[in-house]
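Given below, in the form of structure tokens, are the structures.
In the two complexes that follow, subunit A is the common piece, with subunit B as its partner first and subunit C second.
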Partner chain A sequence: MNKTSRHSSRASRAAYFFIAPGYIAFLALILGPLLYSIYLSFFNASFNLEAKTFRGLGQYLGLLDDSIFLKALGNTFKYVLVVVPSAIVVSLVIALMIERFGPRLQGLFRGAFYLPTVAGGVILSIVWIWIFNPTYGLLNYVLGAFGIQPVLWLSSPSTSFLSVCVVMLTYTIGQPIILFLAGLAGIQQDILDAATVDGVNAWQRILLIKIPCIRPVTLFVLATLTIQIFQSWETVFMLTQGGPSNSSTSLVFLIYQTAFISARVGKAAAMGVVLTVIIMIVTLFQIRMWREER
Partner chain B sequence: MKRNLQCLMAIVLLFSMVAGATAQTKQKITFWAFGSEEAAKGDTGELWRDFYKKVFDQYMATHKDVDVSFAIRGYEAGGTTLFMDTAVAAGTPPDIYLDSNMRISKYYNQGLAADLSAVLTEADRKQYGNILKDFTAPDGKLWGVPVSGGYWDYIINKTLFDKKGLSNLLPKAPDYTWTTEQFLKAARAINDPANGVYATAFFAKSPSMDSAFNAFFGGFPGVEFYDQKTKTFKINSPQAIEALKFLHSLLDENLIVPGGAGFIDDDIDPYWINQNIAMIGGANWYAKITNKAIKEQGLPSFEYVLARYPNKVGAPPTPVATSDPDGFIVFKQKDPKNMPRILDLIKYLQSPEIASSIAGGWSKVPLRADAKNPFGDKDPDQKSWTDAARKFGTANYYYNTGVPNFNEVRQAWAEARQSFLQKDANIQKIMDDFVKRANQIIKQ
Partner chain C sequence: MSGRNAVPVRSRRSVAMLPSVLGELLVKALLVVMTLLFLLPLYWMVSGSFKLQSITISVPPEFFPTRPTLENWSKLFKGSWPVWSWLRNSVLVSLLTSAFVVSISSLAGFAFGTKKFPGDKILFFLLLATMFLPPQVMFIPLFLWVRTLHLTDSQIGVYFAMAMPMIASPFGIFLVRQFAGSIPKSMIEAATIDGASERQIFLKIALPLLKPALATLAIFTFNASWNNFMWQSILSNERINFTIPVGVSFIARTPAFGKSVTDIGLMMAGGAFGAFFMVVFFIMFQRYFVKGITSGSVKE
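And then the complex of A and B:
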């Protein structure tokens, strides 16, 4: 072996050595548990895993007869269909408004809108529990000033779902705003100047130039937000516990209830596999859209 | 030099082997108690962790072959214990766990509980009496050892009634019993939402403290939640619907804090201590937080009265509620040789003195008759409930005795109560749906 190949062989070994911890962590903490969950999903199992009994595909077929599972699945899709487009539109509008400001003011607004993202769903939910309080909450106080009767935001099946959506929106718009701002900053100035010369007005500049130019960013935000909302549960847990009467429950919250309250670990694993497959299909579809775009 | 170094290494190696061998003869026992490391005992104010350290240091001083490590794990509202569940799922539960019967029975139902029959002598069993049946398997084996429990009832803010000159509407000493009609009359008179006072409150967002709601059924004869003989749920019977219609009338007349379906018990605490609720069930808890709030937060003090839950006109007074008993569970050991020392530790922990101290910490009473009531006659609240329990009998309004998959049933009951606490609730349909679902759950 000559000096060069000895060196590259040593370099390869060193490289493997450095990436090994990451791979081991991936195998031990992600792939391993994922494969075990898939295995467990075919069993009737509680915490006493030694006593599990094989159920096979019957576990998955049984989910189709479970009205609460179907309700949670439906709600989860509804959360995605309501929150994701709303978050994209709201964050895009805010980004277009902030874009016009100077760097200092932009930085201030970026920080302000990103703060809820940093605080996270749990802390925001605790605050919103009191904003939504039917007797002393800020929201009903404001409505009362306009002569509107108090609304039972979290206690009524007709309003609990939308209340959870509102809270989800508050902490999901921060990151898209940052990304949209970066995308808008990346639009070449000469395109905008040429458009101005051609007599394009401000609205047309936004609709016909800026939004098409940041389409890759929009698709990325769409993909990441979709995955995030599919997996949402902390807001549901804190605000409504999935109630009243499962009107606001989500699939991940139901997985938590099934595993830790009902102690039906096998069934919870099956629900988790179903959710994983759904997210994979949706993500693959979005990636395909992105590739076509490129 | 080299030889000296070799000698030194040999000595160090020998010492390590001896130390290791000595350490191996000590059995490590892990003990977890439900609660919080930072919480203090209700009777003495001593931190729980300091209390348990004293208890185990005393034990280890006379049992040199045992090393006990303990932890006090936090809890989640809603009757779940995430730390424990995670440890059990990972195959690393503690050897001993102390918690309420509702929570430890989950692990017994999964076949994880060791047989503790050898812990109690006949004399011990006589001291515990009937409560042992809540910890006994159908084959007669003991899967848990009870420690503490208590009673609780209905609490009334007497100051609010006095201010409005309505004290004559309240139940009278010494029994403090009243009918549903008298209860409604008092509720209607005191209710004043415009000035921030509601007659009472319900909460149903989670299963937590559902027995405060369930205890109303005790005032309606013939209401049965679960029939242990036929193993079916009966809460959709005509008698139960009558009781539920009475309760729903409180919602229809706006006598309860709005939005109960979205509240847990903790959400109602500020309403009570700020005197926005005139009366509520679950007296044990509300008496405790009242005294604490007045002492620590400087809130205006108020006088409260402990009464019975109202009974239907013509029915006998409502039996006093027993709070869910606490007990020890031992997880099955991989090595059966570990059991004798663990059983010996349980025997020590359930002794009258320690049981009395654990009970006092939770403001409860020890379940052994020969253990001293930590409050004796010094605590008028405890005396009130204990006297009423002796006179009117007791009932377990958690309805968990003998119910398989109880936690899942309890969650379903919370969802049924959430539906019930809507203005347009179809009570019969809600209860029929719950009974159907609960009967399916217990068969799984």
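And then the complex of A and C:
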């Protein structure tokens, strides 16, 4: 008894020693900055912190009157509501198609669809700037062949939002496809065999067996994609700079602009706190959904 | 396929299955078309980098470069862009980030996965709770610290600053903990009875078993750090300090030599140059990427 307790105290001491570097980094680079951001959000401040003045909750009330902030907030929700469901549907359909091939080809397709994700949003946006060009872009040329008039994809408020969505979609489906394929491969073969014997056709097999079986994967994809799209900004930065007239701006892009272009640090921090709270609420909600699932 | 007695069954079935065989072929053909369409932007970028400026803005567009040119590439490499410095910066920052994340996470993940100690649940929960925080929220304070500490005054300081926001990795600790949890308790106990120190247990038993997980984490972090665009662009105020994504985006947003038209060919060469390294990296380590992605989705 005595011996084990002595041993376990030695083990505990070792454990604290092992987690120390990680925890110091965590406190210094995540928790500390987070708390400091919350503190800053109550001040009017530039990067010259000596000149900051206390503003209190007025900062947050000010955001409610800020039309650009409200636009960015609304757009961010719109991005989530458009891109997340489309990404889930598209990647699930593609995964179901890839699944019909042998393992070698599956790997090839999986890799092909993941390529844009590894290349990253910045690189992809570069080529899309050209594709979207109203006069010599590929997209208007192809649409022109069908008799459609040239569209100002990025420079008209009615299409800029959707154009950004399309580019976001191209580099967000890679990861869900991999997850769905893993989920589909995990469905027990005897369930599928039993269904075939019972005369279930291919469509029913997908809708009634496969999709319900991979529900946990779908929920996981939903959670990660939602958080990812809430934070999206590089496509906005590269393609439209939030414009025209803020039609495509997102919250994180606005935070970047407010802090690092306009140097209104306190206000940007407040926006960051709002985003954090939103993401926390969404995450908690999804964790609850997850629990009910079990 | 095999077994002679299966033949009559098969032939009877195959008549009924004819439409579904056709359907199967159609679905497969459709997927091939979709894949090609999906990769079209990347093709457009690479082929565009070999087109003359006059051709990049011609209508109708030229699908295959009929008169390929290396002009854009020579402009990229011989122009005023220090692209090789960008490459070096990207590689060093990503390596540094990976080294930090792997060493810190392996230590902490090992402890959380194999040991019980007072406060372990709370400490781990606190880490997990911040896993989904938007990193941009931390950027303002971190930027202030970088300035206060004058980190950007030295080259090594710039690299460290660029790695900074990713060093503390709740995901990394979580990932290692998952794998460390499956190390057999008996192995650790046996080693303890044999008088092995905690350090020896970690180095001699845990690390070898955690190797695949750590490789996955290293490769994943490398890619994430490479594409950590926002933070890198905030920090790099001089061209020589750019990383590849920052530099490439700078080229894309800079009109060519004072003209109002952007040099499309040069943009595409920059983009293709930027994409090249991560694509090769991905092809080399594809299975680690897949493992990293799928082990994030917890089953328990």
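Convention: the second predicted complex is superposed on the first by the 286 of 294 C-alpha atoms of A that agree within 3 Å, B and C clash if a C-alpha of one lies under 4 Å from a C-alpha of the other, contacts with A are read in each partner's own complex, and residues count from 1 in each chain.
In this section, a contact is a pair of C-beta atoms (placed from the backbone, for glycine too) under 8 Å apart; a residue touches a chain by one contact, two chains touch by 3 or more.
The shown structure was predicted, so the numbers you read here are calculated from the model rather than taken from an experiment.
Once chain A of one complex is fitted onto chain A of the other, the partner contacts of A:260 extend to both subunit B and subunit C. Once the two complexes are overlaid on the shared chain, A:157 sits against subunit B while remaining clear of subunit C. Taking subunit A as the reference chain, the count of touched residues is higher for C when subunit B and subunit C are set side by side. Touch criterion not met for A:85: it reaches neither subunit B nor subunit C.
In the superposition on chain A, contact is made by A:202 with subunit C only, not with subunit B.
Judged by the touch definition given at the top, the superposed model places A:48 against subunit B, while subunit C stays out of reach.
When the two structures are aligned on the shared chain, A:58 is found in touch with neither subunit B nor subunit C. When the two structures are aligned on the shared chain, A:212 is found in touch with neither subunit B nor subunit C.
Contacts of A:135 after superposition on the shared chain: both subunit B and subunit C are touched. In the overlay built on the shared chain, the residue A:74 is in contact with neither subunit B nor subunit C. Shared interface residues of subunit A (contacting subunit B in one complex, subunit C in the other): 47, 49, 129, 135, 259-260, 265. By the touch rule above, subunit A contacts subunit C in their complex via residues 7-8, 10-12, 14-19, 21-23, 25-26, 28-34, 36-37, 40, 47, 49, 94, 97-98, 100-101, 107, 109-116, 118-131, 135-136, 138, 141, 170, 175, 178-179, 182, 202, 216-217, 220, 224, 227, 230-231, 233-234, 237-238, 252, 255-256, 259-260, 265, 268-269, 272-273, 275-276, 279-280, 283.
Residue ranges of subunit C in contact with subunit A, taken from their complex: 20, 23-24, 27-28, 30-31, 34-35, 38-39, 41-42, 44-45, 48, 56-61, 100, 103-105, 107-108, 110-112, 115-118, 120, 123, 126-127, 130, 132-144, 147, 164-165, 167-168, 170, 173, 192, 198, 202, 223, 226-227, 229-230, 234, 245, 248-249, 252-253, 262, 264, 267-268, 270-271, 274-275, 278-279, 281-283, 286, 289-290, 293-294, 296-299. Within the complex formed with subunit B, the residues of subunit A that make contact are 46-49, 51, 129, 133-135, 150, 152-157, 160, 240-241, 243-246, 257, 259-265. Taken together, the subunit B residues at the contact with subunit A in this complex read 78-80, 82, 85, 88-89, 91, 106-107, 110-112, 196, 204-206, 257-264, 267, 271, 276, 405, 407-408, 411, 414-415, 418-419, 421-422, 444.
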